[in-house]
Amino acid sequence: MSDANVARVVDRLRQQVADLHRELVRYALVVWTAGNVSARVPGEDLLVIKPSGVSYDELSAESMVVTDLDGTLVEGDHQPSSDTEAHAYVYRHMPEVGGVVHTHSTYATAWSARGEAIPCHLTMTADEFGGEIPLGPFARIGDDSIGRGIVETLRSSHSRAVLMQNHGPFTIGADAKEAVKTAVMLEDVARTMHVARQLGPTVPISDDDVTALHDRYQNVYGQRADDERR
Amino acid sequence: MSDANVARVVDRLRQQVADLHRELVRYALVVWTAGNVSARVPGEDLLVIKPSGVSYDELSAESMVVTDLDGTLVEGDHQPSSDTEAHAYVYRHMPEVGGVVHTHSTYATAWSARGEAIPCHLTMTADEFGGEIPLGPFARIGDDSIGRGIVETLRSSHSRAVLMQNHGPFTIGADAKEAVKTAVMLEDVARTMHVARQLGPTVPISDDDVTALHDRYQNVYGQRADDERR
Amino acid sequence: MSDANVARVVDRLRQQVADLHRELVRYALVVWTAGNVSARVPGEDLLVIKPSGVSYDELSAESMVVTDLDGTLVEGDHQPSSDTEAHAYVYRHMPEVGGVVHTHSTYATAWSARGEAIPCHLTMTADEFGGEIPLGPFARIGDDSIGRGIVETLRSSHSRAVLMQNHGPFTIGADAKEAVKTAVMLEDVARTMHVARQLGPTVPISDDDVTALHDRYQNVYGQRADDERR
Amino acid sequence: MSDANVARVVDRLRQQVADLHRELVRYALVVWTAGNVSARVPGEDLLVIKPSGVSYDELSAESMVVTDLDGTLVEGDHQPSSDTEAHAYVYRHMPEVGGVVHTHSTYATAWSARGEAIPCHLTMTADEFGGEIPLGPFARIGDDSIGRGIVETLRSSHSRAVLMQNHGPFTIGADAKEAVKTAVMLEDVARTMHVARQLGPTVPISDDDVTALHDRYQNVYGQRADDERR
C-alpha cells in the first residue's frame, strides 16, 4: 500500500478499535481499564491497540496507538496497553488473525482459575467454538510466554478463544469485530455452563452433532459474503 | 384482506417486531444477535421476523423480513433469521399462536443444558405457566426437528414456554408481545428457581393451588379486554 | 381535611408513587409489570396504587389509581393492581404504615421459595431490619390470606419486610419512599447472604450487637428530622 | 497553604469526590445511599466526604461536606456520612493515604460474612493487591473500633483493601480516585474468585509469581508519572 493508503486504513482501524471497546463495556466484560482490543493493519507489520491507562469513556480514534509487530510504539501520544506484547506475538505467528481481544470477564476467568476447559454442551458453543474452549498455560507477563501459550493452544483447537490459566481469556478473529464477538459469545457460554453446572451435571452433545452444528454454522454463514455471521 | 390491508398490517407488525427486540435487550435475554422475535400476519400464510446478522441497535421496521410459512423469503433486503424454519413450523401447526420468541437466556438455557424442566414452586410460575416449564428434545438445526420438538412439547402442557435441550427456550403467545412477555417471565422464574435451589430444596405448591392460581390469573385478566395481563 | 386539601395530597402522592416505581426498575427488583408501590392518603380511608397491566415506562401521576381501604376503585382510568387487597389489608390493620411495596425480587423470593428466613449476619441487616427477615405463610390470592399473613408476621418482628412463602416479599414504611428503600435494602441483603452462604457458613452476630446496631441506626438517624435515614 | 489556596483545593476535591460516587453506582458497588468516598485535603487536617442521607443522583460539589480529622463538621449543609469516623481514623494514622472508600459491595461483603480472606489465585489479584485480600475484625460503629481494625489489618498487608467482618470492604489509595479504583477491582476479583470456587478448588499462584507480578505492575506503572495505572 502507498503511505497515504496505509494512513487511511490506520485511521479507519483507530476508529473501529475505539468503538469496539464500547462493546466490551456494554456486555460487562471489563471493569475500569482492564481489557483491550487490537486490529492488525492488513499487509503491514503494524497493529492498532488501546493505550494504557485511559478509561473507556475517554477512548477516541485519536487516543489509540499504533505499534509494530514487536509491540514497539510507532504512533500515538500514550503508551500502548501492557498486553501489547501478547497481541503482537499472535499477529506474528498467526497470519490469518486480524483482531485480538483480551478481557478478564468474570465467568471465563473463573473457569481459568480452576484450570478447566469449558465443555461443549450447548448448541451455541458448538456453533461458535466447534468443541470445548481450551485452557492455556499459566504464563507471567513480561516476555513471550503469554503469546506463545495463546498460539500453541489455539493451533490445536477449533476454538477462537483460549482461557489463560489464573489470568483470563484471549480471543481472535479475522478482524477486530469478530474477535470482540467471540469474546462476547465466550462469556455468554462460560456463564450459562457455569450456571448449569451449579445444580448438577450437564448433558453432553455427541461429537457428530458438534461437528455438524459447527460446519453448518461456519459454512452457511460463510457463504453470505454480504452479511455478518448470525 | 385486500392487498392494501395486508400491506398496512405487515407495516404495523414490522414496527412492532422491531420494537419488541428492544425488550429482549432490556431484560438481557440476548447477546450480540442471538435471539429473535416473529409475528404471524393474521389470516395470511406470512410471518414477520428479524433478519439474520443485524445487530439490535440497527433493527428498524424496514430491516425486518417477511417470509411465508415455509420460511421462504417474500419481502426484505436481508436473509431471515436462521431460526425462521422453527418459527414457521410453529405457526403451521399451532393456529392459535400469533407470536414466537427464541433466546438463549442464561438461566432458562442452563436448565435445558442439564435436561431438567423447571418445577412450579413459585406463585409466579403457577400464574404464568400453570405448572412446570417442560423440557423439549435435543434437535439439530436444518430440518423440522426443532419445530416439531417445540410443538409436541407445548401441546401436552399448560406452559407457553419450552426449554429445548442443550439449546435454549422458545416461547409462544397470542401475539408477539405476549410471546416476549412469556420469554421475560420465563427467565425470571428460571433465575429465581435456580437461585433458590442453590442453597437447598424448594417448597412445592400443591396441584390444587397451582390450578387455582393459574385459572384465576388467566380468567380474571382475560375478562379485561381493554387491559393487558397483570 | 377539606376536599380541596385531600385532592392536593392525592395529586402529590400520585406523582410520588409513580416516581417510586422507577426505583424498583433501577434496582432490578421487578420485570415486566410484576411489582407495585402504594401510599396511604394520610387521615383518609384511601390509598394510591399502581394500575394493573401498565408498563413501568408508561406510568405517570395520571395513570395511578385511588381505592378505598377495601381495595374498591375510587378514582382512575385503570383497574388497580391485582395485589391491592393485600396492600389495603395492611393499611387497615397497621395504622402506623404509610407505604407498602410488593415485588418478586430474585434473591428475596428465592429464600421464600425454600421457606427460609434470612439470618441477621450482616451489619446492614442489623441496621435496617433489627434481626432476621421473617418468613410469612403460603397464601392464595383472592381473599384476606395474603394481607393477614403479612400483618401477623410483621407484628412479631422488628423487620419491615416479610418473605411470603413461594411468592415474594412485601415491605412497609412510614411512607412509600421508606417502603421502597426497605425493598431495595432487602434484596441487597438477601443477595449478599445468598452469595455468602454458597461457599460455606456465615459468622453470626451476637444478639447484643444486633440490638446495639439497630438502636443506634434507628435513633441516631431518627433524631435528624430534616434528614433522610443514612 | 494560604486560606485562598485551601479553599481552591477543597472546591476541587468537592467536585472530584462528588464525581467519584458515580463510579460506585456505575459498577453497582452501592445501593440507595450505602457507600461513601472521601479525600484528604493535602497538608491540612481536613477531609471531604459524602453527606449523610443524600441520594447519589443529588450529589453535587456543593452538597459534599468538610470535616476535621476527628470527623467534626467544618463546612457543609448536611451531616457527614455516618462512616466519617472510620475515614478520619485512617487519615490520622496512615499519612500516605489520600482517599478512602467504603461500600457493601455484594461479593466482597459475602467473603467478609463468612470471615474469609480472598486468596490470591488470579493474576489481577497479584497485580493489584500483591497477595490475599485480608479480613479485618468485627467492630461496632460508634467509636474507634472500625478505624483501628482497618489500619491494623492494612499495615500488615500489601493490599489496599480490607474486608471488615460481617460488614463490608474499605479501600485506600494515594488519592480518592485510586481508592475508588481499588474498590472496583476488589469487587471484580471477589466476584470472579467466588464464581470460580463455586464449582471446585482454584489453582494457586506461587509466592514467587505473585511477588513478580505485583512488583512489575506497581513499578512499571509507577514509572509513568504522566499516566494512570493500567
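By written order: A, B, C and D. Residues from 1 in each chain.
Everything below uses one rule, namely that a residue touches a chain if its C-beta (ideal position, glycine included) is under 8 Å from a C-beta of that chain, and two chains touch if they have at least 3 such contacts.
Quick caveat, the model's predicted, so the values are computed rather than measured.
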| item | value |
| --- | --- |
| Minimum number of chain-to-chain contact steps, subunit B to subunit D | 2 |
| Identity of the chain that, by mean CA position, is farthest from subunit A | C |
| Where subunit C and subunit D are represented by their mean Cα positions, the distance between them in whole Å | 32 |
| For subunit A paired with subunit C, centre-to-centre distance based on mean C-alpha positions, whole Å | 45 |
| Shared interface positions of subunit C, touching two or more other chains | 198 |
| Overall pattern in which the protein chains touch one another (line/ring/star/complete/other) | ring |
| Which chain pairs touch, all of them | A-B, A-D, B-C, C-D |
| Subunit D - residues contacting subunit A, complex | 27, 121-124, 181, 184-185, 188, 191-193, 195-196, 198-203, 205, 209, 212-213, 216, 220-221, 224, 227-230 |
| Complex contacts: residues of subunit C adjacent to subunit B | 31-34, 52-54, 78-79, 82, 104, 106-107, 109-111, 113-116, 138, 140-142, 165-168, 194, 197-198 |
